[in-house]
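After this come two complexes, each holding chain A, first together with chain B and then together with chain C.
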Partner chain A sequence: MSPRPGFVLEVDRSTPPTLFWHGEGYRLERLPIGSRVLYAPEPHHALEDPVGAIRRALLEPLGDVAPLPDQLRPGMRLTIAFDDVSLPLPPMRRPDIRQLVIEQVLDMAAAAGVDDVVLIAALALHRRMTDDELRHALGDRVYDAFAPHGLLLQHDAEDPDNLVHLGVTDEGEDVELNKRAATSDLLVYVNINLVAMDGGHKSVATGLSSYRSLRHHHNARTMQHSRSFMDQDHSELHSSNWRMGRLIAASDIKVFQIETTLNTDTFPEQFRFLQRREWEWSAKDRATFMASSAALARTPPRLARGIFHSIRAPHRMTSVQAGEVEAVHARTTANVYAQQLLEVEGQSDVLTMGLPYICPYNVHSIMNPILVACLGLGYFFNMYRGRPLVRQGGVIIMSHPTPWAFHAGHHPSYIDFFEQVLTETTDPVEIGKYEESFATDPWYVHLYRTGHAYHGVHPFYMWYWCAHALAHVGSVIVVGGDRAAVRRLGFTPATTMADALELASDLVGPDPTITHLHSPPLLMADVQ
Partner chain B sequence: MSGVGGAVRRRLSAATRFPFGAPTWPGALPRQAPERGLGVDYGTDWARRYPARLARAMVVDNITRPLAHALAAPAVRGQELLELVEPPVIVVANHASHLDTPLLLSVLPRRLRHRMVVAAAADHFFDRRWKAHLWAGALNAIPIERHRVNRRSAEVAGALLGEGWSLLIYPEGGRTPDGWLKPFRGGAAYLSVRTGRPVVPVYVTGTRQLLPKGGGGLRRGRTTVTFSPAMSPDPGEDARRFGARIEATMATMADEASTDWWTARRRAGTGSTPAVGGPEAAPWRRAWALAQGSSDRHDEGRWALRRRDS
Partner chain C sequence: MKGLLFERNVARFAAARLTSALAGSGRGAGVGPLRLTDLEPPELPGDEWRRVRPLLAGICGSDLATMDGRSSRYFEDLVSFPFVPGHEVVGTVEGSGQRVVVEPVLGCAARAVSPPCPSCAAGHTGGCERVAFGHLAPGLQIGFCADTGGGWSAAGLVAHPSQLHEVPESFTDEDAALVEPTACAVHGALAAKVRPGDTVAVVGAGTLGLTTIAALRHLSQPGVVLAGAKYPEQRVLAEELGADVVVGPEQLGRAVRRQSRSLQSSGHLTGGADVVVDCVGSAESIAQSLAMVRRRGRLVLVGMPGVLRLDLAPLWHREVELAGAYGYGTEDAAAGPRRTFDIAMEVVAAYGLGRLVSATYPLERFEEALAHAGAAGRRGAVKVAFDLKGTAP
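After this line comes the complex of A and B, so read on.
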């Protein structure tokens, strides 16, 4: 049976309560009659022969480039860069797509007699991946062949000896890139395009660059002019990356882009109710929901976090494209939209969302308050094309426990940002004056380069990610969050969804129109 | 005693509510039959064989009728008009409550009620095997696809009319969510045009107060059942026009239920019959307008409301 498209449900008296994610847990909330609930399209069918599809994509590339085997020759320098641990979410079951693709590329490189091959995790300013994470992403064969010989690297954006400044774009943007990638005869980039924002020129121009480059588009002004950053035709973030990408291409750096799309089969069988529509829950689904809810309510947060982060998603590949960056990305984006896009008629006064336990920056880690804000106001708010789901001056209601908790190893600068910057101002533009001091702090640089810490400037980027939403909405309410943490973010705490709706009506008037984003599984609203 | 009963009922209700019990289905969504041989594909022939008919007649006459009269105290208007029609007929009624069907079966004359099949939503009454058996056996229900045109549903209903079975059908396609009539679907008019059998419009009031859609227990109260003269399609009249005529007749009967026969007829004559769909307004205003209409009544409609409150 073909997967059903997404749809917009109007809540009526017969509608059962709606599932809201709430961090490491979930709740059933009864939305007012007339509210709209956006349900994601069902997962598309996976490719029956993914390995064959990858091989065909490499042999029949898109755009004006030769098939991959024709670009490989003995004595050449080949670099294979790949997306880091922030993709996909949740991490997928083995075999990871990166493994399938890279094994095919390496097979062809071996057949062509290429000796000088290096693999690089394209971290940008993210934390370094652990050995287990690398092994999971690349598989045992690739990991064991490259890691022991020092040929499996992680991009270091703070290593001046391994960066090269390629020049400046027409708009005055510095383009600085990983030296190994920039000096290779061929750079193969392996993407997992989980959302429409991923891929394209952003892969290399962001993933393998440095703070000197990133600051040109990772800032409040760019994010406020990206409407949304999931819609690359109206995204200043993408415009900037495209300018940089074209400069990279003009610098004689040959990039062979490989992009893959996933279906939205997000949760394993035991959590399958999380992606079913509530009125279709079977007795088993209901029993699982009640048993897991009751158990999670009695589970210490640390243990609950461990349980959820051990989830491996049954995502499957739905398409693979390879070749010239822009030609590949156009096809990939169409495939992402085909899986995730949902037409929605008009905006509403209030947008509600249940935030899950994971975002791109807390894999195997804690979802601290800054990441809660980023997931809700950065990612979920921006999952639109056309206009935001909530009207200008409307209210966003997010459900998440928002604990005052940080992972000291992964997010050291977040702690200081939370204590020192957000106590001064929550204005994304105004915080810019503190950015430089965090970005160049030697202790944060040391932790980024030698430990598993996000770069010192990263919490600023998370807050910039919220800039468009913060400028657009009148108020943000967090249901069930740590009240002090929520207030520190500049948001309003509420105990229950009913309280939150009551608070919202003070701002947007009685009987507000309400839209609930029933996600994950991921969906992107095409707002007419 | 009622306090204890109420508490028990509330507890039972909470214990059977989602997620403990099965989820309810959003009204706007079509429901698919989960198993083969269910929904519109469920065969109901067995329910019209002699043993099933005999058992059902005994239940309807000895249990359903006394219970319906005790609970709903129906005041029947225009029942004598039924003497003028030759079965089989297509009985068309507004639908506000699950009580409507047993109530109507209780007030119909014997020659109709024991040869009556009830068109029931395939996605609601025939989605589980036990439900399909129950409703086919107890009410002689046949599954009808209500969200889209289904040839099989129409063929089954037409064939049964041809075999002499009368048909009870709710052209709104489901119970009203707020008391106002929903727009009519064309199935009854289509069947009448196709088979040539007359349509008998019936208007029921009061059942929504006794057993409303979406919650609340069964209450005692009074109801009114008003029969209208049978209608047949005019020569050359198509199903769409005939359907509109049936709907207009129901609007007049609704008006009659809240005023009196003469007022309703005069309004119908001048084309000023109030719209039965209620005002195009927010839910509370629709409820308000409906309550306003009820309070204007001289009859048992207001009584029923008071009984509910007491």
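After this line comes the complex of A and C, so read on.
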């Protein structure tokens, strides 16, 4: 049976309560009659023979490039870069897609007699992965073959000896790359394209670059001109990365791009009700919901966090394409859209969303208030093509506990950003004046390079990610959040959804149109 | 005439200590050694001495420590019982009606000690070595001496002319009541020896912390002043008085690290603030101060400490200069020696410090007053004082 497409439900008297994610938990909310609820398309069928599909993609590349084996020869320098721990979400069950792809690339390299091979986790300014995370992503065989010999590296954007400045684009953007990658005879990049923003020239131009490069597109202006950054035809973020990517190509750096797409089979069997439509819940789903809700209500947050972060998603590969960057990415984007797009008629006054426990930047970590803002206003708000789901001047209501809590090891500069920058201003443009001092702070640099800390500038990027939404909506309300933390973000706290709708009515009137983004699983609204 | 008298009573002292520990600072007054009673004006110790009738008399942190039964035993021989508390006093001189603030230290001049001790001879009366000697009962200051009376009494106090400072007409009584605590802050700010451009952190934003910020700004040219303030009102005032960065107390270390762009090791900064002024005096505040002062930097204790359990390894290892700053006297100003109180008046006028008086109480409501003072920050207050203007005989 073919998977069903996405669905727009109009709430009526018979509609059961709607599930909202709420951090490490979930709630059922009754939305007003007439509200729309957007459900993601059902998971597409996975490739029956993923390894075979990978080999075919490598042997029959897209665009004007030779098959991978033809590009491999003894004595060459081969670098394989791969997406870091921020993808996919939640982390997938073994074997991870990166493992499947890299094993095939390495088999071909071995067959061709290539013996100078280095793997690089393309961190950009993300935290370094732990050994366990690397082993999970690459599998035991690859990890054990490379890590003990120092051939499994993590990109260090603060190592001046291992960066090379390639030049500037015609828009004056510096392009600085990892030197090993830039000086290899071939750079293979292995992507997991969870959302439409992932991949393309962004893989190398962002994942293997430095602050000197990133600052050109990771800023408030770029994000305000990316409408949305999930829609590459209307994304300044995309355009900037494409300019950089073309400069990289013009610098004689040969990139062999491998992109993969996943279905939206997001949660394992015991949490399967989370991706079912409520009126289709079985008795078992209802029982599981009630039992897990009751248990989570009694579980200390730290333990609940541990439980959720141990989830390994069953999502599987739906496509793999390899070859020239732009040709590959065009096919990939079409496949992502096929899985995630949902046609929606018009905007609404209010957009509601339940935010889960995880975003790209808190894997095995705490979803701190800045990440809550980024997930809601950066990622979920921007999951649209055409127009935002909420009208200009409308209201976003997010449900999340928003704890005033930070992972000191992962997010040290976030703490200072929250305490010292957001107390001065929450304007994404104005905060820019503090950016460089955070980006160059030697303590953050030290922790980024030697520990597992996000780069000092990273919280600024999270706030820039919100820039489009903050400029677009009239108000942001957080239901069930720590009130002080919510206020620090510049948002309005509300105890219940009913309170939030009452507060929203000040801006959008007493009878607003409401759309609920029922996600995850991921969906992208195609707003007509 | 009504006045508050503090007597030596071990049982009541213990009760105050227990009550304040359980219910909060200032809450032990009802069961402690302090009581409202009828008092006679104190005898004049000498011909030169004057009687002063208090108008406003502030409640200081050291007063609260005494009322709470948690002051150091170090002071046992430096006070005499029973005494009338109150050393932050603006009042009128009996006879002349002149409005004065009282410099309460009972140094060699007041005690008729001759020749004066080296500190008094040098004008540093706060450092007087004879406060337990001379023709007066022991007592660091008026407000801790059995012979002089104190500010918390309608019967007034007696003061040596060397202790009296005329109040400018432009000063309100509230301004004048802030002169004594500001003098402590001035002395502390000068003891900090801030060089132009230094990064200075001020721990605590009660009366002492706030007046210290003002004094630092008035008397030196720090590059950046960071302040740790617990309560919203304190944060607003700290900014108004000249702090560049104001954060919660638990955030101050991180703010100093950011400002000094330091690394961090074993909970201590590789760099840090050039000067830290601790206006709290607790084990936690001193430990925090040690963690944020740079190697060979200076840590000044302005807040009154007591018996503390403290790891001084960082002080030793990082060769931090630790300085106490108590009281006032004469300061070595660029233009020559100046009385601390004269400088304090300048600071009070320049920064409008009279606004720090948040509430006044009649003596009869002393329990409420002390409870208010003990919870001043939490209740949005800074300085709480007794108002004795309506108690004229």
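Quick note on the criterion: the second predicted complex is superposed on the first by the 528 of 528 C-alpha atoms of A that agree within 3 Å, B and C clash if a C-alpha of one lies under 4 Å from a C-alpha of the other, contacts with A are read in each partner's own complex, and residues count from 1 in each chain.
Note that in this section contacts are C-beta pairs under 8 Å (C-beta built on N, C-alpha and C of every residue); 3 or more make two chains touch, one makes a residue touch a chain.
Everything quoted here is computed from the prediction, not taken from an experiment.
On the superposed chain A, the two partners chain B and chain C both fit, without a clash. Once the two complexes are overlaid on the shared chain, A:E278 sits against chain B while remaining clear of chain C. Residue by residue along chain A, chain B and chain C are tallied for touches, and B comes out ahead. In the superposition on chain A, contact of A:D511 is made with chain B only, not with chain C. When the two complexes are overlaid on their common chain A, residue A:Q420 makes contact with chain C while staying clear of chain B. Seen from the CA centre of chain A, the centres of chain B and chain C span an angle of about 110°, rounded to a multiple of 10.
Taking every C-alpha of chain B against every C-alpha of chain C after the fit on chain A, the minimum distance is 44 Å. Of all residues in chain A, those touching chain C in their complex are 415-416, 419-420, 423, 437, 441-443, 446. Residues 9-17, 28, 33-34, 278-281, 283, 286, 289-290, 511 of chain A are the ones touching chain B in the complex. Here chain C touches chain A in the complex through residues 245, 247-248, 251, 254-255, 257-258, 261-264, going by the rule given at the top. Taken in their complex, chain B has these residues touching chain A: 18-20, 22-29, 177, 213-215, 282-283.
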